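Both of the next two complexes hold chain A, though its partner changes from chain B to chain C.
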Partner chain A sequence: MSRDLDMERRRFLLRAGKAGLGMAATLALSWWAHDSQGPSAGIGQAEGVKLPSFAVKGTERRLAVVKSSHRVPALRAGLEALGGIGAFVGAGHKVVIKVNAAFATPPALGATSNPELVAELVRLCLKAGAVKVVVTDNPINDPASCFELSGIGPAGRAAGAEVVLPHPGAFRPYTLPGGRLIKDWPLLYGPLAGADRLIGLAPVKDHHRSQASVTMKNWYGLLGGRRNVFHQDINGIISELGRMVAPSLVIADGVTTLAHNGPTGGSLEDLKPTDTLILGTDQVAVDSVAVGLLGLKPAQVPWLGLAAQAGAGTTDYESLNPTKVELG
Partner chain B sequence: MELSRSQPSRTQRLLSMAILGLLALVIAVVFWQQGRYDPASWGWGGAAGGGAGMLADLAVPGLTPLGPGEGFTPATLSDKIDGKAELYLAAGFESMAARRYALAGRPAAWLELMLYRMKDPRAAYSVFSNQRRAGAQPSQLTPNAYTTSNALYLAQGPYYLEAVASLPEPGLRQGLTQAAQAILAKLPAAPSAAPGEAWLFPAQGMKAGSVVLLAKDAFGMAGLNEIFIATYPQGGGELMAFLARRADPATAQKQVAAYAAFLKDNGGTPQPVPAVLPGANLVEVFGAWELFWAQGPYLAGVRGAEDRAATEALATRLRQALEKAQP
Partner chain C sequence: MRIVTARRISQGFFLALFLWFCVVATVGERLWQMRGWPVNWFLELDPLTGLTSLLASGSLYAGLWWGAAVLALTLVVGRFFCGWVCPFGAMHQFVGWLGARSKPLKERVQRNAPHPAQQIKYFLLAFFLGAAMSDLAARLALGQVAASLAGALVLGLVLLATRKGQGGRAYALAVGLVLVAWLAWSLLAPHGGAWLLAGLLDPIPLVSRSVNLVLLPLADAPARVAWPEPRFYQGAGLIAAVFLAALLLNLWRPRFFCRYVCPTGALLGLVGRHAIWRVGKVEARCSACLGCDGACSGAARPAGRLRPAECVLCLNCLDGCPENDIAFAAKLSAGGEAAPDLSRRRVLAGLGLGLAAPPILTLSGVLGTNWNPALVRPPGSLPESEFLRRCLRCGQCMRVCPTGVLQPVGPSFGLEALWTPVLNNTIGTSGCQPRCTACSHVCPSAAIRPISLDEKLGKGKYAAQGPIRLGSAFLDRGRCLPWAMDRPCIVCQENCPVSPKAIFTRVAWETVLGGLIAGPATGNELAVSGKALRPAALASGDYYLQAGGARARIAANGAHSLGLTPGADWRTPAPGAPLSVAVRLQRPYVDPARCTGCGICQHECPVSGKRAIRVSAENATRERSHSLLLKGAGPG
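Up next, the complex of A and B:
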């Protein structure tokens, strides 16, 4: 009987040992096969990038609100109120203008940056001494159609800019430090590489998911990949975009506002004349003024509060003592 | 005492082999899946792809197609319309075909057709009615159609059409109508004004074209789906009536109770119910009145009005209309 018990013990130990070895082998195999980096970029650049600050020292907390129904004089007046284009762009600079060319729709529908405004901004940057001005975006629709049909491409080129369309090689993996959503995500980095200044130029729009789309939402066009997954946390992603980019200047075009059925609109009846161009170096403040054109208060727009909490700017735009210009 | 190990039975052996086989299959699937590179999830996003479906061979007199067109699925709709995709997906989106046309000899004068296939006529009506433009002109093309200065919108059966011109000019507006007619000729005939129970709203005093079907989370309450609303101008403001038919009276009652709780959670104060509407719920929410009830399988009410008497009057008319419908 003792011998039988001994045999059983030996058999048990043998089996336990085999099972342990099996589990260890499975774990080792899993460890070997595990890809801690996620899928490879497959875009020729595996290494991630850092996005530098494009903010211009000494221009912090500047804000101008220009009332006018004409964009070009409003832009000139607004820049003048901020200290002139020379406060932001100098000799030899490479300037990137991030437009909203999201949709292949005509400029009259107000879903994209206004081409006249793009052209004038390009001209002013070149006049201030910029050696190169790049106009870029990663649109929602086919990029070539978007830039052509929105009028942004022809207008930018005619004014002397290089219009850069996205292509797979222009994207690099990017992780927002402390970010919850933007992790190892493709960033439209190509046009930004080597840039000295970054200016955001966006129309003021109603947005079905986020209530409003202005300058911070405009940075969505710097993301690649299946970015529509971020629509499930639209407030979170816009606030992270506000943290991701420290621009030299942002401009919100509310001369005409896409007040209904945004962000695409479609009918001219979706537009409302609001005769306002907002310029500033605090993008949260600029967007806080802009949402007022849509009948919203900053407190009603969650992503503004989140961005302010995260230190991207202030919703209390009056605290910046904005310069108000009436052009009639 | 017999301590010798018993041999596993045939069933145990088969079960063990099945489990091991399943594990092997899981491992194989994991390896196979990891080995597949999905360009859609990495890189610049790329084109959505897909054909233009019903628009692929659509010929419109006086218009020249600009390319073959595109097609979109629930997974790619946001590649076309970004954040507005959620409106369609919530209502029951199945597919969308888009194609551009230009006036013959004038490539700058173009229009785009976007034909949405929704899960049913209610879903099509929902996206149509939710985006109705203020000041639009009714079109004679279908009972649910209107035009604006540069666009034409219509719902027909499970289809919703957006036809948008690049310029507000007569030639393009004519093109919009002709394109819509060409599409309607391809669609099955479908009798529809507002589908479903919306015909029960009292017609007198209702703002024309104001019936909207809220597909999901109506009035901000999660789970309050498929609610028709209609607007009634009142003095300087407006009253909103709402109505929904549920599977049975118990479901309607349950949703009424849930809505009452929702209002209470959001600052509403229950008030004594008017005698003319026994069984109803009256809630004051920051100075506005909400009066609602279940009536047979219907959930109905009037909301958002500051004029209590007007709220009660419209609620009474709606209740009478429902009584007539199901005596």
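Up next, the complex of A and C:
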């Protein structure tokens, strides 16, 4: 009998012990998880990234304007005029080429960076000692289709570049120091992380809202999210983009200019032969030359003035003593 | 090798092949991309797909004849497709095996006992066949002989397969009356049609849809093989619910879907029950261990009177028989055989309901004036009445679409449209890309007929008829920034891919700030008073100072000063003159004559929820009666 009671007591103690542990665990966990404040408004904001300057010391204020109807020789001659690709790309560098792959249109329609030009630039960078060349953009149309149809993807890969398409993990929040529009905005940071050099390569295009789309507008493709809200202040956003990115080099392809129906084009009739490739380290100056191919003066294009005011460069490109090359 | 091992290898192989085809249905030239992979092969093998498509549309498109090959082989060896090929069947077999694994023999025998509910699949088959041949009589009159022959065969099959009820004469009279009524109605009624509703439950479309629109997007989100960005499909929950329910019910009854629901299995059962080679007992008397009944996937009762129509040829019975009393041979089972227990009345009721379904559903007017303009169909889609005769709801077009704009229609659009493709421009990476015809070439039943790029863009020999229009964009001026909110925007115009653009703009000036008074001017600097300005607020390039009738663009501003970029007609206002500030707006307009309804504008519109420019199906090329603009009228 006493043995039975003993067993009974032992079982009770065991059960009481388990219940006690369960109570303690429940209360401890709820204590630990307890939040007396509730979420604040800015919840979920990740740490922002910083964008370093990719400008190469000693190459400031360089500008070359090459007249040619052939892109590849024009690119070589233009780079030569700027001091050679070696002035910008050196051994061991990771180089990012930001192309304009915005639309899923074939290269002949001129709405995207020319694939031959992309390939040649990739090859030159690799030849100059770059260990890795990344070609990237966050296009407007379906990214995979854009890179394939524009020919940029196949050409870049064939030349030895890594072609990086945007995906959600590649974007990180970014705030432009002193910026008004680019605040806590998703930036296509993945391909830029760890890069030593950044080269912008964009076609010269008509744009109904901003009048022209050249190398500064091309940085739009580094933004993610619903970036189209910035069209409310197109001049403001382009000038902020010019401040956001300090490139190693920008190249405006005006061998043909998308003179009408931009920036999408869609017909060969929208193109105009203008036989000009503009290269430089001052993107405002490069774009100021480029808008001339569309029949515009820099003063007529507000974003050029705003970018110059903000210190991104100068619209007075003649003051840079541009090297003019005629390849005929 | 054991025969069930061979069967499992076959099932595993075909399931893997099916999944491979789902993965490679990606536009591209790499090995794991589309290239020349026959990604529709399983859909084509499914004989119900082919038969209903033939009945409803009048022809057997492209690879759909594979279904005839399956039917032909079924006449010889029975339901080999169900037991050895069908990828959905393989899934059921596996889950059923999981559920039965630890059950004692007695319970397994009980679970595998024939059940009256096995009739349901035949009624469903009758319903779907009826819906597909609803207007067959009318089409016979139009000379669609092949479809009509197939319809006659179907009716014959139904009558042959069903058990005679009592009261033969009265019954025959009833059938006769129904048939006469149907024929008369079908010939006389001006509307109605025949719809391919089978895709709702047809196993291969069902499993294709489920894998393509549910499993693959889930699996690919971290892997990013099929798509560079995560994929989204509206209403994936309902598709998944049907799929998962079908799978999980196997835990209760093995091959639940195959036994009770599968209309393709019903068709193959009816066709294959007289197969030359079949499973059966060699000797009628055996030790009655019931091992075969406990293992039978199809609930065909191999130990007793065998039901050959239910046998899915899993061959578990043959494999497990300790007395080797079961064989796959060219003779009837020694234990006796039973035809499917089908009441003619019920099958005819199913058929009759099917025949009546399209006319009843058509009463909502969806093929008439009450058509749904939200149904923006992919490029190359047939007119809606023809489209519904062919669309399998398999999801191949939505799978292959490189932008993911093609989405399954939800239940709110009606049963006839459920899970058919529609463009939803607020999902996916873009609208319908002008230089893409992928969906039209993947569609296994030509509900989206194959089109060339020239035809889509209206080039070459199609120049006279112009591009294929999916619909037209319409502006919602109450939501549009430049129309309703005095903010410049025109993202829609910028992104319109048509040349010349189908969205054009007209400049409007809206006064946004008044009550300013001119002060002294120095060069292009003008002092102003009357109101303090927020520094740089007017310097965006979109604001202009108005004085008299002239305007000058504001390039910079302080609290009481303006920097101007004057035009030729600008005269510096005299001190004290009233001034105002206007915003220069480019307001978008759509030209429906040029708009192709691609939806890229809608996708890009910065009004992120309900867009300020939206495509609806008015003016779509596929429906002449929905055209918008009178040809030859207007100034252009």
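Just so we're on the same page, the second predicted complex is superposed on the first by the 283 of 328 C-alpha atoms of A that agree within 3 Å, B and C clash if a C-alpha of one lies under 4 Å from a C-alpha of the other, contacts with A are read in each partner's own complex, and residues count from 1 in each chain.
Convention: a residue touches a chain if its C-beta (ideal position, glycine included) is under 8 Å from a C-beta of that chain, and two chains touch if they have at least 3 such contacts.
For clarity, every value in this text was computed on a predicted model and none was experimentally measured.
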Contacts of A:T264 with chain B and chain C, given as first, second, both or neither: both
First (chain B), second (chain C), both or neither touched by A:G236: second
First (chain B), second (chain C), both or neither touched by A:L306: second
Chain B versus chain C as contact partner of A:K297, first or second or both or neither: neither
First (chain B), second (chain C), both or neither touched by A:K324: neither
Partner chain in contact with A:A144 - chain B first, chain C second, else both or neither: second
Partner chain(s) touched by A:P168 [first = chain B, second = chain C, both, neither]: both
Common interface residues of chain A - those touching chain B in one complex and chain C in the other: 103, 105-106, 140-142, 149, 166-168, 207-209, 226, 228, 231, 234, 260-261, 263-264, 266-267, 269-270
Residues of chain C that touch chain A when the two form their complex: 27-28, 224, 227-230, 402-404, 428-430, 433-436, 481, 487-491, 493-501, 505, 539-542, 553, 555-556, 565, 586, 600, 604-606, 608
Residues on chain B engaged by chain A in the complex (per definition of touch): 1, 3-5, 31, 34, 37-45, 47, 78-87, 112, 131, 133-136, 148-151, 153, 162, 164, 166-168
Complex contact set, residues of chain A against chain C: 103-106, 140-145, 148-149, 165-168, 207-209, 226, 228-229, 231-236, 260-261, 263-267, 269-270, 299, 302-303, 305-306, 309
Chain B contact footprint on chain A (complex, rising order): 1, 4-5, 8, 11, 33, 35, 39, 41-43, 102-103, 105-106, 108-109, 138, 140-142, 149, 166-168, 170-171, 186, 188, 207-210, 213, 224-228, 231, 234, 260-264, 266-270
